[in-house]
Amino acid sequence: MKIHEFQGKELFADYKIPIQKQHVCTTVEQVGVAFDELTSPVVVKAQVLVGGRGKAGGIKFTKTREDAMAAADKILGMDIKGLTVEKLLVCEAVDIAKEIYVGFVNDRNTKSVMLMVSAEGGVEIEEVAKTNPEKIIKIPIDPLVGLPAHLARNVFFKVLNDGSQVRQAADILVKLYKLYVEKDCSLAEINPLVITDDNKVIALDSKINFDDNALFRHPEYEAMADYTDDEKLEVEATERGLSYVKLDGEIGCMVNGAGLAMATMDMINLYGGTPANFLDIGGSSNPQKVIHAMEYLLNDKNVKAVLINIFGGITRCDDVAKGLLEAFKQMKVTIPVVIRLSGTNEKEGRELLKDSKELISADSMADAARKVIEAAKNV
Amino acid sequence: MKIHEFQGKELFADYKIPIQKQHVCTTVEQVGVAFDELTSPVVVKAQVLVGGRGKAGGIKFTKTREDAMAAADKILGMDIKGLTVEKLLVCEAVDIAKEIYVGFVNDRNTKSVMLMVSAEGGVEIEEVAKTNPEKIIKIPIDPLVGLPAHLARNVFFKVLNDGSQVRQAADILVKLYKLYVEKDCSLAEINPLVITDDNKVIALDSKINFDDNALFRHPEYEAMADYTDDEKLEVEATERGLSYVKLDGEIGCMVNGAGLAMATMDMINLYGGTPANFLDIGGSSNPQKVIHAMEYLLNDKNVKAVLINIFGGITRCDDVAKGLLEAFKQMKVTIPVVIRLSGTNEKEGRELLKDSKELISADSMADAARKVIEAAKNV
Amino acid sequence: MSILINKNTKLVVQGITGRDGGFHASKMGAYGTNMVAGVSPGKEGTKVNGVPVFNTVENAVKATGANTSVIFVPAPFAADAIAEASEAGIKLVIAITEGIPTIDVIRVTPILERNGTKMIGPNCPGLISPGESMVGILPVTIFDKGNVGLISRSGTLTYEMVNQLKSHGIGQSTCVGIGGDPVIGLHYKELLTMFEADNDTDAIVLCGEIGGDAEEQAAAFIKENITKPVVAFIAGQSAPPGKRMGHAGALITSGSGTAAEKIKAFEAAGVKVAKEPAEMPVLIKKALGI
Amino acid sequence: MSILINKNTKLVVQGITGRDGGFHASKMGAYGTNMVAGVSPGKEGTKVNGVPVFNTVENAVKATGANTSVIFVPAPFAADAIAEASEAGIKLVIAITEGIPTIDVIRVTPILERNGTKMIGPNCPGLISPGESMVGILPVTIFDKGNVGLISRSGTLTYEMVNQLKSHGIGQSTCVGIGGDPVIGLHYKELLTMFEADNDTDAIVLCGEIGGDAEEQAAAFIKENITKPVVAFIAGQSAPPGKRMGHAGALITSGSGTAAEKIKAFEAAGVKVAKEPAEMPVLIKKALGI
């Protein structure tokens, strides 16, 4: 789960990481009021959960109330990579002497929280990682020891020279690690962490993702969520025990297991179709889940045909069949549905569905993919 | 630093360790009001920073408002091991099915926080340690790993049988460890931790000591301190860079270094005198400290003579001499003062003091002890 | 032979009195897995399907000599259960539980290391050495004893692959579902090394998916260290970036972790990659020369 | 020979630009201690009394090969400085700083262990191998080279003892102030073992004090393991219970940790105990047969 810059900075403030005074605004008028309470010049920043705001024109420096309100007027409602700007962050501009990058991320290879620091702050770190990977210092943090101050100092002395700057930055890093662990982040970046002209170290931006697996112990995150319509569907699906990701193809898929679901999408592509979604109904055998799953597929107007690919392990084929029969009772299915059932209680499942006119049966994944693409063409 | 039972329980509540509803009272009338807000029977407990309240009559079970107020009247002002009861804790009595002991302490030998659990709850654990040490389970906690829930369960399954009780107790223990570490305790006990008749696990008492060395990072502790007059002197002395402990003998001592200060007290005893205090002026050479130290000695009415024993290392003998001369200017010294100066700048120190009539010079610790005891006899 | 589990496996089931734990314990027992104990705090002295239950893993190990544990404990408590097994002397832990916070797994890792405990998972279907032992939630009927080792980040995709192999008469030495989470225990490298050393394994199937660069690392490792033929499959070629595809670990971030990169890495290392599951048995047969 | 420090000691001073650090660094240098570096974050490139200063211990070790560190860093930051030294490869840390929270010392202990770093202190005066090296804040003029090893929980009491020995012409191999805190690094056992193995040490002085049971343990250890004569002294016979006597560790709690118990334990183990400092040289001479 991603949160906005201003939300991340509120967390920073909770952990006593220095940030600029900030106002969050949703209207042009509020930006005017915010301007009055700050010292010019003032920065107006689009709050959208996607990178590249600056390049898209979502960040403006302003010196007068009028400029600030004009900037707000321009940015509010702006579309940035498919997301509409609804909130603005307004804060005082700072005189930047130096920008660096600091971040933490859960690292698969070292099985640790990885500290990343780079003298190349203020630019997209993914770019640096690709073009100049040697400019990013990476240190895996011992999860039992945590991040001691001396380690933070050691790292910063590789990118800064001044003792006071290093001490301030190290202090911030230790706090950011504490935040990272306590708040179950999967990513926490300050980019840029700036050294101002008067030798203060301040977090000028924030990028924080929470570990979705840890949401159960952070009820406070729900209030911070700002989902797009598609994401709302995904979250709702998760609450129903499904993994659903909407795509923009024509073949709706319902599969048990994430790996098999991806492989099914891939096969649709391989055979010339386009998958409309990723949908994993998971490991249990609850017929209700099948009904919910069917709803997502049928509610997607792009879907011209549906492929159900079940390899029964924990999931029992007869339970899936029962769920499908129930779903067909509850909703009108006007598009072709191809089904492939294998594994646990396959025979019983097929028997249950044998009289169902809505269904086209397939013997294998490949067979199912071919049939569903063919069926979609004829819709 | 010790805190009262009710303060410890307030900390427990902060950490979500279950306690009874409690009222802190300083008057009989308040106890009456507290009684009305609780369900009878009610316990009235003296709040003093010393063990053995129960035996001394400082804990009463009461069933009526009148009984409660009568108990309060009796306990308030009571002397328990030299301490006057000024506060009462009033809470509902619970039906106790079982009492156990849990505690953490900084352990010198294992260099760890030691977990102690015993089925013998509700009695003085020091007694159990002496008579039945095998009845105390001791487990050093790995400081990097902390106290995981499974370890807490493993321990409690040795003293409890019921799964629900173990889970509740383990949950409490994990929280108590968190409190212990975050609040820099040197001791944290729940004795007894009780299992009630309806299978709830509750902390019925609290004993918490804070590590004096960690007070600098817990400004909140100052408000919790409840010092005796003697302890106030000790705390004030600490703030002045001195270590001072008032005793009840006749020979005031001023020494540099804790070990030498104890050895000096011991030697006074060995040679037939009684030390009036422990006083370590520490390692630095600040004459002001000597002045403060002299004040403590002269303000103690029991002191008949003073022994100053300085072995100069970091402490310079001439600095001590200067402080003494200044002290003699500022205050009238009417009792004999014996001084032994050795080590760094000994010659310069002796030279400074050679005209001082107030001082009796000694060549060694033994010589000084003999001379000061002799001098005290003649006062 | 086989890797990790066999007839000598003495299994303790953590969370045996839970719905999933109980169900799969009976399935494992029916397959012939040597289940010696279950753990459920407060239930010591009882039995589940004839398996004695203990309050703690420590007690279970002391009483039964259990050497392997399978975790069905719910996510909030699962990492603690893994640590408990490790501290009690268990040398192989299979963590089935899905949804464990990543930081919990990171924290338990050094504890596993210092006790010399290997972990499979979490968020995995477990593993099977057909004819000897199954630990986890695998549908045992599709597996046959044979000479192909299989490593997979996915559950049902593994079944699909095994089913494809079965249709061509190819059995398995051991099949390991390593789990779909970002941070997991044993990974490709360790398991490839075990299969390389296993006399009963003649070829290896590796089922990867999008996210991370473990497949790229495996490709480089195979080139340097593995002499037995390896055939790979990568799921998620059509997955969009920035979206978690079911598995917490199946996520293309900042354009890295794509299926295309992984396939390229394998091909560069001389590892054949199946385009679809049905191609897997064909490539394996070719690799085995049968 | 001597123990722990000698002519091969290469010392780095952490906190060299502080008031205490600077003062004692100059004293150590004057005594001939081989001071190769100082550490003070932000001061790299400067010198203090000719000793080059580095930002980090890591840099100091890399540049100078320092193997021993002395800590003058203020209490709130001292445990971190100790960990820094250990992680940078320093094998002996002498922590002079007083007032470090006990839990900080407890937390740094496993880090020292895993790096194989020995620690003296904290809250200690340091140690001296007369004529070779002094690390700490000891007044060097009272020490003479000789054949008595000394271990003490106290600072100035050590000076008193050494002075007593001096007045009888007895010098020391090494004198170690182990510190007055409850939890400290090297303790009696380890140092007794080192002195036992040291060819230049013929007798050992042990200065204990009230609090804990380290003296009782030392007594039992001496009986079993130490062949060289040991003479003990215990400070605090007249200390009341429940009061911290200056040193954080000098505290009689619940009636245990008393001087009487410790003296009894030594006497039961056949270790002579001096009644007052002046008796120490007498007992040592008797033990040495001189």
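For reference, chains read A, B, C and D in written order, and residue numbers begin at 1 within each chain.
FYI, a residue touches a chain if its C-beta (ideal position, glycine included) is under 8 Å from a C-beta of that chain, and two chains touch if they have at least 3 such contacts.
All of these numbers come straight from a predicted model, not from anything done at the bench.
Under the touch definition stated at the top, subunit B and subunit C share these contacting partners: A. Chain pairs A-C and A-D differ in how many C-beta pairs are in contact, and the one with more is A-C.
Taking each chain's centre as the average of its CA atoms, subunit C and subunit D sit 53 Å apart. Chain centres here are Cα means. That of subunit B falls 27 Å from that of subunit D. The mean-CA centres of subunit A and subunit D are about 55 angstrom from one another, to the nearest whole unit.
Touching of two or more other chains is recorded for residues 144-145 of subunit A.
Taken as a contact graph, with one node per protein chain and an edge wherever two chains touch, the assembly fits none of the named shapes, being neither a line, a ring, a star nor a complete graph.
Taken pair by pair, the chains that touch are A-B, A-C, A-D, B-C, B-D. Partner subunit A is touched in their complex by these residues of subunit B: 144-145.
Against subunit C, the residues of subunit A that register as touching in their complex are 106-109, 111-113, 126, 129, 142-144, 181, 184, 186, 211-214, 216-217, 243, 245, 247, 255-263, 265-270, 275, 278, 280, 283, 311-315, 342-344, 364-366. Subunit C makes touch with subunit A in their complex at residues 75-76, 98-103, 105-107, 109-110, 125, 137-139, 141-142, 152-160, 163, 180-183, 207, 209-210, 212-214, 217, 233, 235-240, 243-250, 254-255, 259, 275-278.
Those residues of subunit D lying in contact with subunit A across their complex are 40-44, 55-59, 77, 80-81, 83-84, 87, 111. Within the complex formed with subunit C, the residues of subunit B that make contact are 145, 148-151, 153-154, 157, 162-164, 166-167.
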